[in-house]
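Structures are listed in the sections that come next.
First chain A sits with chain B, and in the next complex the same chain sits with chain C.
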Partner chain A sequence: MDSDDEQTIPLSQRPEWADVKPVPQDDGPNPVVPIAYTDEFRETMDYFRAVYLSDEHSSRSLQLTSEAINLNAGNYTVWHFRRLILESLNADLHEELDFVENIAKKNSKNYQIWHHRRWLAEKLGPDAAFREIEFTKKILSLDAKNYHAWSHRQWVLKTLGGWEDELEYCNQLLRDDIFNNSAWNQRHFVVTRSPLLGGLDAMRDSEVDYTIEAIITYPENESSWRYLRGLYKNDLKSWVNDPRVSSVCLKILSTKTRCIFALSTLLDLICHGFQPSPEYEEAVNALPLQRSDVGPSSSSLAETICSVLEAIDPLRGNYWNWRKEQLPALVT
Partner chain B sequence: MVELVAEKHVQYVISVEKKKDSFESVVMEHLRMNGAYWGLTTLDLLGKLQVVDQDEVISWVMQCQHESGGFGGNIGHDPHILYTLSAVQVLALFDKIQILDVSKVTNYVVGLQNEDGSFSGDMWGEVDTRFSYIAICCLSLLHQLDKIDVEKAVNYIVRCKNLDGGFGCTPGGESHAGQIFCCVGALAITGSLHHVDKDLLGWWLCERQVKSGGLNGRPEKLPDVCYSWWVLSSLIMIDRVHWIDKEKLAKFILDCQDLEKGGISDRPDDAVDVFHTYFGVAGLSLLEYPGVKAVDPAYALPVDVVNKILISSS
Partner chain C sequence: MEVIPTVTQREQWMVESQVFGIYNNFKELPRRAQTVLLEIVCDKHTEYLTNGLRRLPPSFCVLDANRPWLCYWILHSLALLGESIDVNLKHHVVDFLSRCQDPLGGYGGGPGQMPHLATTYAAVNSIITVGGRRALSSINRDRLYAFLQRMKDPSGSFRMHEKGEIDVRACYTAVSVASILNILDYKLVENVGDYILSCQTYEGGIAGEPGSEAHGGYTFCGLAAMILINEVHRLDLPALVNWVAFRQGVEGGFQGRTNKLVDGCYSFWQGGVFPLIQRLLRSIEEQLRIIGCRKHDNDSSKINVNLPEETRQMHSGLFEQKGLQEPPDVAKFSDVGFDFVKRSADIGPLFQNFALQQYIILCSQIMDGGFRDKPGKSRDFYHTCYCLSGLSVCQYINLETADSSPIAQEVLGPYSNLLEQTHPLYNVVLERYYSARELFSHL
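== the complex of A and B ==
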């Protein structure tokens, strides 16, 4: 819908289209919801319908689909027809990548573009991996949480490869924004699936160190805490027994920070058998709170943590209250 | 607290597609079937479905059906599973599913299941857990769920489960409230909710509520009325909806209304659209707001509509 389009010559006045009779939109009899279309859009779609119905796979049809996509990149029928034409004409798919790249600049959250891109990359094979990795990087530099771009990138890695710099790419994005949950998710994806890193078992130790550093920098980061927990997937025992996990909770709480995730992680640890030393109780008791919020001082550490959470996170008060009711008998 | 201006929303929905707003009509043209579903379901939840001429709607819906059995987003558009479910849902609202050639629609949907249990959206093969939900919901409404490999379909969804308890679009994809609705909905319809780690997912979902009372779809993202549907329906399906502050959420949705012209926006003071109007009204329905009909959290249709269909088979 940019201003250049207004200066194009109407299709009805172009000699190469003189032999085509446009087909108007059929909105059905007495349309329930009659739609007002702009003149240019109407004319383009009328000609599109004509070539679509006559199944004309020609270079002028291809050009027409470009114009239709420029007017509305969401029209999936136009994209479908474009693929049929590209196949019939045996077109240069590298040129097509350029076309998509231009459209994507304006419409990076459009499903059709990404699907078309995947179709192209699939046809081009492993040689396309590098360009696709760079393409998604460009889109992610504009919006680092674009779900479509991440989805495409993961597909490229799984299908075509290109894993070499992926962990470093995650590092870079997390340096830019440590709260970027998409980048943390990608980190998990790389650490668990990259054929070059040896899997989670080989990576856990260094990843725990990395994550703990991230947590200490910004304790109120839901993503880093969940990532830390995910590193011990299917291995609760190591999680409970790794002193780095419990001590990061203590370190944060000792600074009198009312950190929801430090408290909830400590709570989870205790529920799974962690035996807290007296320092933990002291740190929790020293948190700045109204004493009346947290009930009798005779309660166990786990109960106190639940009460503190209920007081500092009232939106989820019922959740923390439920956690208190669920506490195993051992820790109450 | 501001009240729901139901009558204004009804007027807004009726007027929305007649509006001479060219940009909106251009971008909506190919997904008019979704628009019809959002608008008509809103009207039904507000008890005003009778204001539309159902014969005209049904005749238009049927003209969008392709010979393959699938439906396009408008007349003359290619079939896609997205619009096939919306078409079935619109017919369901009018209690007219029986006019469908059920085996034809079923064959279309069944043909989209892949070897690994996942579903493609159409003949071009894009795979996404959204399409798993759509296929399962659609076939269930047609009483044809036994025509696909349900076990494989469920296993694929389970492969998309993440360490935070949520689900993504494909295995390894980031958890996103919209995808979570699709996966939990599909598991609910197929009686497979035991695959969900309800406490872990419930906590992740209730962490989506931010100070304004609104819900976001992923950590550190802005709240948006559409997540009132995706998050809330998921919490209800896993029986954890009492973990959020419902009153604050209702206030957030009501604050997103255009009190003069009707319609609901994504966030307070933004422009309204029919998509957010539907999700706002459906969200209030899940919060049991007075004057709004109950909506089914899995089928995304009024409860009375779903009951009529599900009971008619047994």
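== the complex of A and C ==
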């Protein structure tokens, strides 16, 4: 069905639509936010309203929804009606996948496309998993942080499967861009939920090593620090007691630069019961700072860290100050 | 080894250089010129907005299913600017939105379209912003309640429309609308908290769906919804505060997710989390005290260790067991939004208020009217609405109680920049909210 030609002929002049009376939009005499519709848009929607109101599930209605979606992929009513037609006609859903892919090429950030895609994949079942994984991969190759594409990918994995190469896919994206937080989030998703990997407890050890290496390469990368903490989400005791966590803080601190996350992690560790050895205090005191920035020498290490953070991270000065005020309840 | 910058780094540096370019130019200007640049060009914004209300060019065809949103973005922006619209135009708004109202309840994206939760939220907030008995009584509350019930999924969450997608946005818009119209009840609330809770990620922020990435828009929606249903103590609030505090960037504005670019609209979605946090401080500090207690009690910390992934929420589990909060009091849903805004803020803002105001005014404002995402982008009504909403949040955040006026020092630029205050849970101008409540609280 091809259609570039067909679409340039107004619907009112197409013989197959001769029996349909278009229904204009009921905007009233004084509409607000009125859109100066193009003739094509207005006519397409007038005919759409006609078949929508008469609930005509036909192949011409299906073709009409294609045209309406091409003009505005955000019209959820049109998409909904399209699904009803596809069901009634028992249409070939593989063809439908091609249709969605073409729309997504133009605009991949729209809720309707992805909802429709999910509906399709659900109908097609586990056989669709591979194609869906590849489809999201294509979208993510253009924008590796496309929120909808990631949600869809996760849904596919949870519902249809296809976990086999997912951790490797995360590896690959993180090799391309270690700052890609969406890829870190996906990594967390895989590590905690993949039925093939044994869950967080089985994966923690190797993941901690992976993450610490990432941290050492780019200590200013917030994503890897948050991921590290996330690996102990349900087991903070291990987080506090794992020497790799505290020593990566110490290691970054000793480089004396880009250490906001090392300091804030160390602070959190102390707040959760970590007992720092004197070298931590020495490392913090060795940071190149004004004496006045670090508060009185009688301060505890946690207080000193808050003061240092206030000085080196002034954008969050209020936050660090508040954290300092909370310390007495936490660190005694 | 030569280190090649990644896509994230390159894009970030490009934005930084543009933004710092603007700030450096600004610094070198004489004081008088600086004052001019810091001014909110109210007349220009009003002109841009009212023109949009009256007529939109063909390029808006792609927003044809979002017309109540266009109404809300424009009307709320005007209300924040303290601009009133004339009586006829008010009638036209009410008449038009009535045509978007479905006979079976809820509002669609335009006349004849299916009802949708997001456009229902936009329509209801628009009508409250217009105000007056005629406007408020145009909402069919009984039918709207029935629509909300139809959108409720067995899991507790909501669908955006019939057979539509489920996410935290749907939960917020449903709860917000029901709360402001005083039709929120236990049936609507049941289990929605579980769903939102399952969307709080290891980063601390809230995602659109379980498993997805923490995101500014969903974090505001999730947090506000949890407050409105009296279940906010179930979230891991210290983690949420930490995450959102880190979303403010060197540009002064907020990013939506970790390692993403600044965008003016997050001035509200992220910035708007802070007035909520300020009023939750007691809950947050309570959670912190429990961490402190547990720490000294490692052997008996059976409650949180090794909870399976799905039950997660080590904090919430703990709080629920300890019964720190009474179970939600059904009868009191109707007062939550009102009482919350009356609550005093126990602390100043936990972000850099002036840095955000500076980003909004110098980087997002367009001198011809309207606001944008970031330098190099064009203006639109969405960004205008959420930049102004974020600016209003900044100006009022140091007030200890609602209903007083900020002092000049809180307002970056001339005092004439002072906007109207917005309700931090519903994002409608506070005074319009009070008028609506007078009617709805008696129904």
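Going forward, the second predicted complex is superposed on the first by the 313 of 332 C-alpha atoms of A that agree within 3 Å, B and C clash if a C-alpha of one lies under 4 Å from a C-alpha of the other, contacts with A are read in each partner's own complex, and residues count from 1 in each chain.
We adopt the following convention: contacts are C-beta pairs under 8 Å (C-beta built on N, C-alpha and C of every residue); 3 or more make two chains touch, one makes a residue touch a chain.
Note that this is a predicted model, so its numbers are computed, not measured.
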item: Fit or clash - chain C, chain B, common chain A; value: clash
item: Which of chain B and chain C A:198 touches, first, second, both or neither; value: neither
item: Partner chain in contact with A:10 - chain B first, chain C second, else both or neither; value: neither
item: Contacts of A:125 with chain B and chain C, given as first, second, both or neither; value: neither
item: Touched partner set for A:77, first chain B, second chain C, both or neither; value: both
item: Which of chain B and chain C A:329 touches, first, second, both or neither; value: second
item: When both partners are placed on the shared chain, which of chain B and chain C touches more of chain A; value: C
item: Contacts of A:178 with chain B and chain C, given as first, second, both or neither; value: second
item: Superposition clash, chain C against chain B - the stretch among 27-35, 225-233 or 297-305 that is involved; value: 225-233
item: Set of chain A residues, in rising order, touched by both chain B and chain C; value: 25-28, 30-38, 41, 45, 49, 52, 71-72, 74-77, 80, 83, 111, 115, 118, 145, 147, 150-151, 154-155, 158, 179-182, 185, 188-189, 192-193, 222-223, 226-227, 229-230, 233, 314-319, 322
item: Residue ranges of chain A touching chain B (in the complex, touch as defined); value: 1, 25-38, 41, 45, 49, 52, 71-72, 74-77, 80, 83, 111, 115, 118-119, 145, 147, 150-151, 154-155, 158, 179-182, 185-186, 188-189, 192-193, 222-223, 226-227, 229-230, 233, 314-319, 322
item: Chain B residues within the chain A interface of the complex; value: 17-23, 25-32, 35-36, 52-53, 56-57, 59-60, 63, 72-73, 75-78, 80, 122, 124, 126, 162-164, 168-170, 172-176, 202-204, 206-207, 209, 211, 218-221, 242-245, 248
item: In the complex with chain A, residue positions of chain C that touch it; value: 6-9, 52-58, 60-67, 70-71, 74, 88-89, 91-93, 95-96, 99, 108-114, 116, 160-165, 201-204, 208-209, 211-215, 241-243, 245-246, 248-250, 257-260, 285, 288-289, 291-292, 295-296, 298, 301, 304-309, 312, 314, 347-352, 355
item: Chain C-touching residues of chain A, taken from the complex the two chains share; value: 25-28, 30-38, 41, 45, 49, 52, 71-77, 80, 83, 111, 114-115, 118, 144-145, 147, 150-151, 154-155, 158, 176-182, 185, 188-189, 192-193, 199-201, 221-223, 226-227, 229-230, 233-237, 271-273, 314-319, 322, 326, 329-332
